[in-house]
Amino acid sequence: MFRAVLMSFWRESRLAVILLAGIALAVPLLSLRGTWTTDPWTAWDLLGAAARWSPGYPVIALAAAMALAAGAWWPDHRTKHVYALTLPVARSRYLWLRYLAGLALLLAIGASLLVGSLIATLRITLPPLVHAYPVALTLRFGLAGLSAYTVLFALSGLTPRMARLIVAVCCALVIVTVAAELLSLEWNPIATVVEALLGPYSPLSIFRARWMLIDV
Amino acid sequence: MSRRFVLTIVVLVLWAVVLSAQDSAAMLRGMETRLDSLRKVAARADSVRFQYFATDTVRVGGLRIATSAALRPVVEAAAAEAWDSIVARFGAAASEGAPFPVMQFGGPETVLPRSLDRRELARGLAGPLHQAIWRRQDSRIDTWLRGGFPTGLLSEEDLVTIGSQLVRIPARSNRACLDGDASACANSLGLRLGADTLAEWYSPDAWPGLAARMDWPVTGRAAWLRDRCADARALDACHAVLTPTIVLQPVGGSGRQLLVTLALEAGGAGAFGRLTADSGATIEHRLSAASGLPVDTLLFRWSHAVSAALPGSPAPSGMDVLLTLAWSTAVLLLAVRGSRWR
Amino acid sequence: MTDAIQVRGLSYRVEGFALRDLNLTVPGGAVYGFLGPNGAGKTTTVRLLLGLLRPEGGSIRVLDEEVPADLVSILRRVGYVPERPHLYPDLTVAESIRFHAAFHARFDHAASGRLAARFGLPHDRVLSRLSKGEMGKLMILQALAQRPDLLVLDEPTDGLDPVVRREALSAILEYVSETGASVLISSHLVHELERFCDWIGVLDQGTMVAELPMQEFKSGLKRLRVGAGAEAASAPFSLLAREPAGVGGELWTVRGWRSDMSAWFSDTHPLREVVDLDLEEAFVELLRTARTPDGRIV
């Protein structure tokens, strides 16, 4: 069953997965061009480039999570969930199958990042006191992708009624924020929500880190 | 048609020539004048805002804060904490400048963000006083601090920046400093420099790179020298253009602020007074006097604080893993309980 | 044999529509035609039977198991073809069949291959590019190849051309005659069901108007050509409709007719002809008599 669900998931999301895996492979390779030479500024250049490309990793993790979460339910949304709900399998089990299939594809993107990072770091000689962290970065990428994918998977699988409710809450947040701005109230509900999502101990707190492939 | 086109080109070229021939110093003076007038406008706006919003004034020590009646209790508590920290840090110097200019905090409609705690607010209120007190000190220490001023212990992010500078910038002494060599740290922090700053900080093979990476805007001969240094690797040109004022420091201003902060922390009460007592002494001597420690010990502490804060691996911690798994499980369980999947 | 479907006192309500106290019985091995005009509630009933919707009241038993408590076990034995395409549109025909097979332990790959060849389905074509007829045939293929004990077909041939419709229905009939499976087939195309249904249920505005064996349904409804002026008050049958037909004659639509009732007519008002109604005519007459003049169900 899992293979069948994985196969269907792959068919539905393969373009996004291939694209994101390609980007995940390319970003580390592009970020670490050049190598340790006698030029004393090598560390400066390498670390500078690594820092410039570092926002790319959480962005890829988030994009992968979004693409896979959307792909997880897209065919079912299109067919109003009739097929999924008439398959002879417990509904909760079907949800797990879909979730795990998406996770498997997320792992594929993570593996692509690992390969890119390993190649990028192995082909250069690093300056003294500079260290490479291909595995550590991939682990963080995997966890960030997992947490974002889980949240978005749950959101994208909502019934239209719940989805409408969430959209209404979001709209209300925007309206309240604008109103607070107009009334010069120093209160920003959107910032509060973002803080709740990204702050310490929050579901997406894993995204808050230095995403450096090489670092001091 | 073609004559008009040629005429337009000629006018544009002439205009460009006139513009490029303008004296850059005159332009700078003009910009400074405009900046001054803008500052005056900003000050006037501040005063109008103060009159409009403020309904209550909090007075704690030398601090005067205009705020709303609703915010008064919070502001008062934070101001007390801020003033205590100022007195603890600056001692008598704090009272010498008092009362300080009125600060404004919030208006009648201000709602304090939930995440803002009293300590954070106290730090915010103390900041301008730190600035005011440091600005009154002698120019030598101000110059050495490069215009910045220490407001307290630096953030984790600042320490990471200092550590990164020690690794990234190929100054002669940086790596040894990171290994705990106090003398090397003194060099990187500009405490024991002779006449030739450039040569003492950097070996000549790093000079062209320095010139290529300098972000100081230079024109005319300086630009020509910079290009000669960076492209033709002409060391005499490097020496001429990379003056002590504009050469990239092995460690930036935040590194120096950290050293002063450590000295004041170590010295306890009266440390600031001892730091500023003898304006003719070297910075090294004054830091030692303030902290009551040999300067090498202070530098070793500095090096240790920086090394300890080096970021290292981005690997998720055990807590990160636990949190992610816990949140993911919770969210999934909620999803399973969704009406469609029950 | 026990009933394949047994529904008792089923009620369900959504905005502007309600199923009221619905009773429905599909005997085991029967081919049950579920008739009703558009909007009568046939699809809603089917969705309730398969657990896609939650009823407000009543009980549903399918293949001797409870809905929704035993839903997974029921769905293993039920082949479902919905009104609109429900298969994943990004899969190819072969992938869709493989996906379906993965969830059905009794899936018959050989039968699937035979049906695919018979229907001429292009294996490598993506479902979103199939014609309506091809999609209909694929849904029927998947439902039959899983070897169900009960087929639930919701307007399976709606919108298909006559050739495709004939192919699809004959495949279903072959399967039923081979396995003895029960079938619930909902449709508003009455004449389509006439040929092979042995039970009929008629739903109108959420209410079951009639449920009886096909033969009884058809034979009990007749159109009589009689002489004008006959008094029907004491007739042993029910007079549903009466209208003039030609000079000195009338057409009566009656229910509960038996051949021995012709003796009731006298020489002054003779029975001239008994005309059999086909299912569609019977259906229309049934609905006409079931509704009040303002269109409500009595």
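Labels A, B and C are assigned to the chains in the order they are written; within every chain, residues are numbered from 1.
As a working rule, a contact is a pair of C-beta atoms (placed from the backbone, for glycine too) under 8 Å apart; a residue touches a chain by one contact, two chains touch by 3 or more.
All values reported here derive from a predicted model rather than from experimental measurement.
J.: Sort out for me whether A-B or A-C is joined by the greater number of C-beta contact pairs.
T.: A-B
J.: Among all chains, whose Cα centre is located farthest from the one for subunit A?
T.: Computed centres place C farthest from subunit A.
J.: What is the identifier of the chain with the smallest separation between its Cα mean and the overall Cα mean?
T.: A
J.: Between subunit B and subunit C, what is the gap in Å from one C-alpha centre to the other?
T.: 81
J.: How many angstrom between the C-alpha centroids of subunit C and subunit A?
T.: 50
J.: Could you state the distance in Å from the CA-based centre of subunit A to that of subunit B?
T.: Their C-alpha centroids are separated by 34 Å.
J.: Which positions in subunit A touch two or more other chains at once?
T.: 85
J.: Spell out the residues on subunit C that touch subunit A in their complex, using ranges where they run on.
T.: 50-52, 72-73, 75-76, 78, 80, 82, 84-91, 95, 98-99, 102-104
J.: Across the complex, what residues on subunit A touch subunit B?
T.: 38-41, 43-44, 47-48, 81, 85, 91-92, 94-96, 99, 127-131, 133, 135-137, 139-140, 143, 146-147, 150-151, 153-154, 157-159, 162, 183-188, 191-192, 195, 199, 201-203, 205-206, 209-212, 215-216
J.: How about subunit A: which of its residues touch subunit C in the complex?
T.: 1, 3-5, 7-8, 11-12, 75, 78-80, 82-83, 85-90
J.: In the complex, go through subunit B and note every residue touching subunit A.
T.: 106-107, 109-115, 160, 163-164, 166-170, 175, 178, 203, 205-206, 209, 213, 310-316, 320-321, 323-324, 327-328, 331-332, 334-336, 338-342
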